[in-house]
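First chain A sits with chain B, and in the next complex the same chain sits with chain C.
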Partner chain A sequence: MSTLFDQFSFWSAFWMTIKLTLGAAVGSLILGTIVAVLRLSPVPMLRFLGTSYVNIFRNTPLTLIILASNLVLWAKLGVVMANSKSPDFFNTNNFRLAVLGLTVYHASYVCEALRSGVNTIPLGQAEAARSIGLTFGQSLKEVILPQAFRGAVVPLGNTLIALTKNTTVAVTIGVAEMAAMLAKVTEDDPGLLNQAFVLTALAFVVLTLPVGLAVSWLGKRLAVKR
Partner chain B sequence: MKLRNTAAIALAVAMPLGLAACGGGSSSGSGNKVKIGIKYDQPGLGFKDGNKYTGFDVAVATYVAGKMGYKPDQIEWVESPSKQREKMLQAGTVKMIFATYSITAKRQAVVSFAGPYFVAGQSVLVKADSPINSVDALKGKKVCSVTGSTSVDNLKKKQPALVPQNYDTYSNCASALADGVIDAMTTDDTILAGYANQDAYKGKFKLVGGTFSEEKYGVGLKKGDTATCQKVNEAIKAMIDDGSWKKALQENLGSNYKFNTSLNPPKQDACS
Partner chain C sequence: MTQPTSDGRDPLVVVSGLNKHYGDLHVLKDINLTVGRGEVVVVLGPSGSGKSTLCRTINRLETFEDGSITIDGKPLPQEGKSLAELRADVGMVFQSFNLFAHKTILDNVTLGPIKVRKMDKKKAEELAQQLLQRVGVEKQANKYPAQLSGGQQQRVAIARSLAMQPKVMLFDEPTSALDPEMINEVLDVMSGLAKEGMTMIVVTHEMGFARRAADRVVFMADGEILEDATPEEFFNNPRTDRAKDFLSKILTH
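Coming up: the complex of A and B.
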């Protein structure tokens, strides 16, 4: 068991998974909110943009998005996200590309979760906000979004849990997270495989179970009583 | 009502069939079919091309199965990716695995090996017009291999100043190398030669730096299966002796692939 921690650096793989999750969670929350605002806007063109974004990225396999962020965005189009002279170039570049890919994919789910939150708000509230003279932006900021976030805590939490597990896809472009550690164990020391599987499963439970519990508690507490 | 009865009978008949299909592990090699694990995505070694299977591993497997009394149409090919090889042998999903499977002490603790049938060595593949001609020239260069493989760590012992990139498959490395965004790719020379000999990349890549490790390709067997091991070893020896071993090598990896002649053809290890 201790070999898994020393030789296969389990903790750094675990930390990498957490970093990927946190980076993509913050990124997709911001991007997803923007897309949700587009889908709620009164301008048809912006609504079309938002809807297209969700349909394109929600329906593309994540592996393809992550691989394309490396082999297309970086290799073909030359988008560099780190200092290309550094000996650590690929680690940094691939990590950032993976966060970008995860962000882009999960933003579509965040957007849909937020829209479901918006649907919990009676239509009269938006109408009332407009009739007292608030602009679209003001009514969104003061009335709609604060309630939408509170109503969307549970679906947002589900997205976060899915995101945590989806970080394992980053192994396709060589980010050294948990799935990469498993691949290394398989190659070098197949006898340890069962232990490594159990340990990895436990690590994911440790990451996702508290999120699930916190989310159901918060969801009840924060929901707007009507 | 009648229809419902028919459906119930159909279900009752189909269910044990489904169960039997799931539990089919123990039947590998029994009857008159043999299940052999190969790679499907390694050009020149084990490659699925439409419904045909090509490559050096496939040629050796076909020959060995032939000596054991199985005609080519009695062989059932099963894909055995690196990550699943041990599990497939332990569960009995396949009887033998010919899949660039290096014999290592750690693996021998879990599975048994026959062979080796080839000794490969780690090498470096670069673009045909690249100025890189040795391992020393890789200083500060971007070098690609696959996640989990020890190739980059091995190379780092000889040339610490390199920038490693890992993908999940060698095909992605080859694609990035062809695009020129990485400078070299490293793994067993057989795998590299297979890509250099592939139609899409023919004439675009070259092998440099010689070989600097010993990878003995063995035939993966269930732990303790000495009976099969002995039969496989005899068949491999026969294949080397009658010249079809060399022919298969040249056909699949190209006539200008230079393998390490001091180690090849290899002597088979004793079965244990």
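Coming up: the complex of A and C.
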């Protein structure tokens, strides 16, 4: 077992998975909120933009998006996300492209989770906000979004769990996370495969199980009483 | 257009030639209504006659096709920042209270003054405490709306509106969602406001309030204003059959 940790850097792969998850979680929360605001906007053009975003990215396979971030964005269009003179350029660049791809994909799910949260809010809340003179932006910030986030804790949590597992797709562009480690074990030391698979599965459970528990607890605690 | 009202008041809300449709339904038909400063107008009428729609249109929560609405001489602007500013001058109290469910009672009342009037937090809280005291719910300041009774919530909603120092307040059936024993605590607050000279447009089924507090009664049916009279005139000598019919149904309960 020690070879798994020494030779195949189990821990650093685990850490990479965590970094991908955290980076894309923050990114997709921000981007998803922006897309949700577009979809709630009174301006038809902005609503159309928001709806199109969700329809495009939610219906495209994640593998395709991650590959495209590398093969199209970087290789064809020359979008560079790291210092190209750095000796670690490929690793850093691919890591960031993977975070970008994961962000873009999961933002559509964050947006839809938030919209389900918005649907838990009675129409009168927005009307009361407008009637005291809040602008559209102020109503969103002070009244609608805070209640939407509280109503969306569970679907947001589910998105986070899905995201954690989906980080394994980053193996396709060579990011050294858990699935990449498994691929390396398969090639170099197949005898270790059983151990490697069990430990990897366990690692994901360790990451996602607490999220699931926290989410159902928080969902109840933060629910807006009406 | 800015002629004084019949009893010589300075006109504050002027609705003229207002028409509104919901699809094929003509909900508001050529409405003309002038409310003077300090005047209390009670709007009566059967269900579906367009009372709520009229209130919501005056506050521009609903759009309209034809006609004009001016508040203190200023026409209602299109959606946007200037509309938000104008709305701040028009208070609205809803049947279902609509307190912000995730905010404490105090925060409900201070939100408008802080965000719209740019008052500093401490001043806004003093004002809110004063208003909560005035409507008799000062002890609940740190609770959340769901922890209060309906009557208390509605009084907070009135305080929230008052905190904006509105020029006129609209009430859309403010007591219809309340248990009978809570109706009077809300009506008392409203009567107090009326006495202090607040300009009010009140949709209600509380005939006692209409007789006591109204300067004028407006009777609507099928999207039209059929009568516009003093409470004595209206209740003692309704002119139209629709109004007679309406009163006979209401007053026999």
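Miscellaneous remarks
Quick note on the criterion: the second predicted complex is superposed on the first by the 226 of 226 C-alpha atoms of A that agree within 3 Å, B and C clash if a C-alpha of one lies under 4 Å from a C-alpha of the other, contacts with A are read in each partner's own complex, and residues count from 1 in each chain.
Everything that follows uses one rule, which is that contacts are C-beta pairs under 8 Å (C-beta built on N, C-alpha and C of every residue); 3 or more make two chains touch, one makes a residue touch a chain.
Because the structure is predicted, anything quoted here is derived from the model rather than measured.
Residue contacts after overlaying the shared chain place A:R221 against neither chain B nor chain C.
After overlaying the two complexes on the shared chain, residue contacts for A:A180 are found with chain B alone; chain C is out of touch. Contacts of A:F90 after superposition: chain B is touched, whereas chain C is not reached.
Of the two partner chains placed around the shared chain by superposition, chain C is the only one that A:R150 touches, whereas chain B remains out of contact. Once chain A of one complex is fitted onto chain A of the other, the partner contacts of A:V171 are limited to chain B, with no touch recorded for chain C. Interface of chain C with chain A (complex): residues 59, 61, 79, 81, 84-92, 94, 96-102, 111-112, 115-116, 144, 146-147, 157, 160-161, 164. Listed in rising order, the residues of chain B touching chain A in the complex are 82-83, 85-87, 106-107, 109-111, 140, 142, 147-150, 161-168, 172, 175-176, 179, 181.
Taken in their complex, chain A has these residues touching chain B: 67, 70-71, 74-76, 87-90, 94, 171-174, 180, 182-184, 186-191, 193. On the chain A side of its complex with chain C, the touching residues are 42, 122, 124-125, 127-135, 138, 142-143, 146-147, 150, 224-226.
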